[in-house]
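Paired with subunit B in one complex and with subunit C in the other, subunit A is shared by the two complexes that follow.
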Partner chain A sequence: MRVTEDDLYRQSTQYKHWSFTPSRLSELRQKTNAHAAAQVKLHIAGDRAERAKRATREASSAPESGADTPNGNGTGTGANTPTPGGDVDCLTMDEEKMVVDKFCETAMKLGDFLKLQPDVTATAIQFMRRFYLYNSPMTYDGNKIAKTAFFLALKLELGTRAGSASDFASRLPKTSRDDIVAPEYTIVQALRFNFEVRHPFRGLKGVHLELEDLVRGTYAAPAQHGRTPEALQAAALQALEVSSPDDAVLKLGNIYAHAKDILAMAAQLTDAYFLYTPSQILLAAHLLAAPAITELYLTTKVPASAPAYPQIIGTIKSCTDLLSGHRSYSKNPVAEKLAWADTDPPATKKAMKKLKSCKDPLTQDLVALNAGKKRDVVRDGSLEESKAKRRKLNRERAEQESDAFWGPELRGGSAQPQRDGSEPKKEG
Partner chain B sequence: MGMSPAVSPRPNPPGSSAPVNAAKAKSLVHLVHNKTAPSPSLASAATTPGGPDADEGLAEEMNDKVANQFAFGPRLGEGTYATVFRGHYRDDPSKLVAIKKMKKNAEWQDGINLDSLREMKYLAELHHPYLIELIAVFTTKDENINLVLEHLPGGELQDLWQDKTIAYGGADVKAWANMLCQAVWWLHENFVLHRDIKSNNIIIAADNSLKLADFGLARTFANPEADMTYNVITRFYRPPELFLGSTHYGGCVDMWSVGCVIAEVAIREFFLPSATDLAHLGVITEVFGVPTEQDWPGLSKLRFWKEQMEGLPPKRPQPLSWWKQRMPLIGDAGIDLVRGLLTMDPSKRLSARQALDHHYWTSLPRPQRKELLPKKGGKEGEKAMGEQLKRVGGEIESGRTDKVARKLDFGAAR
Partner chain C sequence: MSRVARPSGASNRKAVEDSGASNLSHSLHSMSLQHQSPSKPARAAADSSPEVCQVCKSSRYLNQHMRFLVNPECYHKMCESCVDRIFSHGPAPCPIAGCKKTLRKARFRMQTFEDLKVEREVDIRRRVAKVMNKQEVDFESLRDYNDYLETVEEITWNLILKIDVEQTERRLRAFEEAQKAELNPNAPRRVMNAGPDTSTLSDTSHVILKKGGTQRRTQTASSGNTPDPSGAEERGFSFKGLKKRKVPEPEKAFDPWGGYSVDALYYSVKDEYDHKFFAVKHEAKFYASGYKAPEYYSHALRDAFGGLGVFLNEEMADLKLNAIDVPLAVGGGRDVEMNDVF
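Entry: the complex of A and B
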């Protein structure tokens, strides 16, 4: 039995869960945006009503209690609140995408600052892009999500060498261990518990090694379509516009470095991973770096006369357009590094500013939110739902133990735990 | 709502004291009150983090959709890190699953534990008839991660060879060995190392297929520059190069374990048992001799070679007659395969691909047909699955030191 790379890729979660057509992708973003906007409006309205209520209460109680309540405080909060009923201007789907792209750029700078391996940074950024397909930046703050996405990527890529969450937090400004750990469940859930990201980097290296063989005349892959290694070598030297194999190897080194930079930046900061396979992405990057030799390389795999060839090259070229359309793309990316990201385009600036007034008030403090889920907190006099469930579980367990000790009680189904959400249930 | 323990006429279960129950009952009443009282205003409902509206995004919706496909059944096993339940598809109760509910460890300071992450990561990508299938993953509201796995009622392979009431022959061993080799071949084809292959990580399915399980120590080996830890694989199944401190390895480490498993199924006892890590190399050399630089080029460059092996007196490996006497069940071809797998020099050891090309499979007897393979009884086997799945990386069961699994060594690279 022969397994092809394609067979392996089609088994991957990246193919099954994280590959989209352009229309399906924007449909999903539209849905996420609409859902989040509704939540934001609801929660901000609730927040305002609550503040207004508190303000009136404080205003009415202030004269009675006299000096011990600083009067300015209460009314101040009320005054700062936008008038109830004023419509919340939420981000549109396009604005959300700009904001997420900005988050990812910032994350890339963070990875650079922390001197993380390119693989870790790339994985973290793809985690973020996947996360924001099902969550809105209005709901979850990008900087908070980025820190946890990085820690998760570190754990997955480096195993125990990732270090502890506290260590990681200490490398970041104003960050505690809780900030790192608290959003983790929210993130892994949105990632659908898929943790493998198939990057194009290793494939690019493979292409590079094959091309080196090609220019040295030692290329011996099966599908050469009638051409001898010598003929291929001559064609390769011509495509690279050099006369000696040594010059060609040197030039290939530069091309590889250029293509790798495109993969490390433009490929991470666009929808490339959602729309194309790793091999399409890496060939697109290589095509951008050196069109002639890449097309020659392609014909060693698929002859230009093959019916599939136009489609293959068409797909790669459309990916090329996507990558070269990103503002990080330039003919000389090494000199540019991340400088391009220092100034935002006006539309992004506008969206980032708009975001400030349409954040979901309930989900900004992720540590408290997580603590609320984790521990038993009583807020507004009502018990956490999770606590109720845990209680029910404990009770169930106690009953089971008791059953084991005393034998089951003679009764109907009264102690049968009720179906609630997705909790363990005795079979009826 | 279930009946509160406090109003139950039954005595309190052992180990729990009355005040605790009373307190529980009290808060339960509190809860009931709050649930029945209608929420006074939109505002108070909306400002309760964790309340019904707090974080019901699309991801939660998607998660609930998955969670609602499955129903929990009775508990099959409980360990420090996970509880295993029998479950079934809600729309078809005859389709059974095993649900492994990962416990949240308050002591764990670094979020979701690495072994769970690895298990989810690799099982989600790998699909093969002889690898345990991860059907779905979902969280419950209390942030427990639930892994929905194949229901495998046949118990562990180890229980099978240890249970002397079960008789089996060469054809059966061949069928099991072949399924194991196929599973490992698929892993390696996907550039994944298992790093804890042993007969109690191999579970038997209802159709008698073997399923390799427990991917808590798995990792990819696609990057040849990356350092890996030598401190993996349960001792009895760990290859010599890891005892000698090798940090660069490939599929060959798993293949040694495969050889150990086939050998132990053939002789119905542990093939290379030892009391300590330090003693284990001695056990290996007792059978395979003391290797020299000629047998194993590069040997003397391994990290612990000097202290572990340099001064040892020369020793020759056991002759073929010794093997024939120990493993009559698998015949000459089987012995040749096992010795190929248990080759000291990892570069000469059979790869999974080479193992599948071995003449053992094509020589007589033919591998037993799956439906005729011997197996353990129903209830017992299912319980064994619970016991197997509940274990998670780093967990060592007391009283089972003879097969001490992995070590809790968070300092070392993995």
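Entry: the complex of A and C
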């Protein structure tokens, strides 16, 4: 059976689970936001009630001090803000999106700071974007999630060369191994264990390879329409506004670098990955970097008369609009790549400020939360009663089953029977 | 298995070890048996005592580790040291008077059954059964199968009772060869080439018989394979209703893609691209680990156009594919808990 490259892409998890129409995407965000807001209100109310109770208890003896809050450092939780009573003002969906974009920009700076390869940074940012589709920034703090997302991306892209969690933590300021590891399972679960992110970077190199062929006159296109490689070469040189193939190759190098910058920034910080396929994204970036040559190149792939042509061009153009609409986009390549990120738009600033007062108090200390989820961790002196009971029952049943296999237990013997693999064999 | 059974099992093992440990008691036991049967000595004397080697006349009484061996050519018993002495330097005739069979050291063995006649019969049956290994499914009808079984039994008894041994052996070998040829038609058949040379069998067959077993066998086998007027003679036996063996289909070459092949719409990969950015393409250290530049080219181009014609705007609108938020408690609520084993 013959399959096309499109069919191959349809097999990827990115297509199956992480591709959306714009309306579905906002629907999903709305749902996440509504759910998270409800949770946040519930938890903050509960937290306040408890604090009020404790305050009345301590009112007589000690002077009021906010030092012994349940969250240790006591910063950044909504419970600490001096808004007693009053309804909690949660983020809206749009504000949430701004906040997530801000988190991703910070993550990009972090990748720059750590001197990571661009695809590691891109993978980490996509992990974050996917994570915040199903989780709210009110619930999980972006800076904590970013560190772990980077660690996951490192492991994914570099494999065994990634190093351990403690190695990675030592490269970050004020971070311990537990900070890295604690949200890991939560993130991986939200990612549905879909670790593969299809990036447009390698594809861009493929396009670059073929374009170099094109300007050298050795290109064999699938839709030539009688145009010889030489005719295509002449057209390409004209489109690039150069006279010799060597100049054209130099210019293509610049175009490639510009397109790569667009992919590394604008494509990461918008919803491009959710709405378009990597092929469309990279061609859109290339179209932004060099419109004439890209259009010529596209007509050699899909003839302008083909029925699919308008739709393909339309999709790429709409992706172009999305990419060029981001504030990181510049018409010409710039030296200082992250300069645009130094100042935030006022709306983002406002949303970030608002976030401080509506964080979910239950999920701020991820390390403690993770420790609590682990097996047999003793919390407040004893395990949860139902859990302990269930474990005891299960353990007893397992012991009985093993008895049925190995024979009944030795009774009345002096030595305690050994319950491990080194049990002596029972027959000679 | 149970706890109760354990001590008895242990004591059993101990008993076995005890009995195995002392050979002395065993040999004493056997000697006492000999003494207890006064009716037997006559027969023992007639056999000139099983405890005395017929060749060197040494007795087990003097050497209790003595072992007696037989050779399935003639089933004459002799002690291990005689076998070593006589046959170490290659095949030699049997030293028992009147037996002129050529024996080889490799085929000497301990006898399994006390009665050598039984030993011989078992050997013959084993040999016949190895050749005549048809099953009921190989025949058209049950009647044919039963006829076949009867023929097999007849052959066996002919060999056991030494009736028409020469002819039966020859036919048996011819049949075996025919079976082998049918199973593996491409196998080189040395015997066929040597066939015509030994087709005259009149007086040379006597000489051949004195030679070693293997040599003789090939000779007779080749004589069995000589072109005979009747096809049945060439095949040794022909059985009515025996189905012709179906040759299994030759295995197809393994296809790791299971019949799928990528048929690119938008590109065709070349083996070589003229470019600078990928400078390592011709360095031996990259080839050595199995890295190939063409692989990279095809991967890059597949990435470049994989999904060009996939319009998520349309395809995701009516698709239920990404509606997977069913079992996962998402949206900032409680996460799905880890599976708790205990």
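Throughout what follows, the second predicted complex is superposed on the first by the 344 of 428 C-alpha atoms of A that agree within 3 Å, B and C clash if a C-alpha of one lies under 4 Å from a C-alpha of the other, contacts with A are read in each partner's own complex, and residues count from 1 in each chain.
Throughout what follows, contacts are C-beta pairs under 8 Å (C-beta built on N, C-alpha and C of every residue); 3 or more make two chains touch, one makes a residue touch a chain.
No experiment lies behind these values; they were computed from the predicted model shown.
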Original post:
A:A308 contacts which: subunit B (first), subunit C (second), both, neither?
Top reply: second
**OP:** Kindly classify A:R216 by the partners it touches after superposition: subunit B alone (first), subunit C alone (second), both, or neither?
**Re:** second
**OP:** Identify the partner contact of A:L204: answer first if only subunit B is touched, second if only subunit C is, both if each is, neither if none is.
**Re:** second
Original post:
Is A:Y9 touching the first partner subunit B, the second partner subunit C, both, or neither of them?
Top reply: second
Original post:
Touching A:R161, do we find subunit B (first), subunit C (second), both, or neither?
Top reply: first
**OP:** Scan A:R24 for contacts with subunit B and subunit C and give back first, second, both or neither.
**Re:** second
**OP:** For A:A36, select first, second, both or neither according to whether it touches subunit B, subunit C, the two together, or no partner.
**Re:** both
Original post:
In the superposed arrangement, which partner chain does A:T270 touch: subunit B (first), subunit C (second), both, or neither?
Top reply: neither
Subject >> Partner chain in contact with A:V181 - subunit B first, subunit C second, else both or neither >> reply: first
Subject >> Residues of subunit A that lie at the interface with subunit B and also at the interface with subunit C >> reply: 3, 8, 31-32, 35-36, 39, 134-136, 139, 185-186, 189-190, 192, 202, 363, 373, 387, 390-391, 394-395, 398, 426-427
Subject >> subunit A contact footprint on subunit C (complex, rising order) >> reply: 1-3, 6, 9-10, 12-13, 259-268, 270, 273-275, 277-278, 297, 299-313, 315-317, 321-322, 324-325, 328, 330-333, 335-338, 340-342
Subject >> In the complex with subunit B, residue positions of subunit A that touch it >> reply: 3, 8, 11-13, 31-32, 35-36, 39, 42-43, 45-47, 49-50, 53, 134-136, 139, 151-152, 155-156, 159-161, 164-166, 177, 180-181, 184-186, 188-190, 192-196, 202, 361-363, 365, 368-369, 372-374, 377, 379-392, 394-396, 398-402, 405-406, 409, 414-418, 421-427
Subject >> Residue ranges of subunit B in contact with subunit A within the complex >> reply: 1-5, 8-16, 21, 24, 27-28, 30-31, 34-35, 41-60, 62-64, 67-68, 70-75, 85, 101, 104, 109-112, 114, 117-118, 120-122, 124-127, 137-143, 145-146, 189-190, 219, 222-223, 229, 409-414
Original post:
Can you name the residues of subunit A that touch subunit C in the complex?
Top reply: 1-6, 8-10, 15-22, 24, 31-32, 34-36, 39-40, 134-136, 138-140, 185-186, 189-190, 192, 198, 200, 202-210, 212-213, 216, 218, 220, 222, 253, 275-280, 282-283, 301-302, 308, 311-312, 315, 360, 363, 373, 375, 387, 390-391, 394-395, 398, 407-408, 410, 426-428
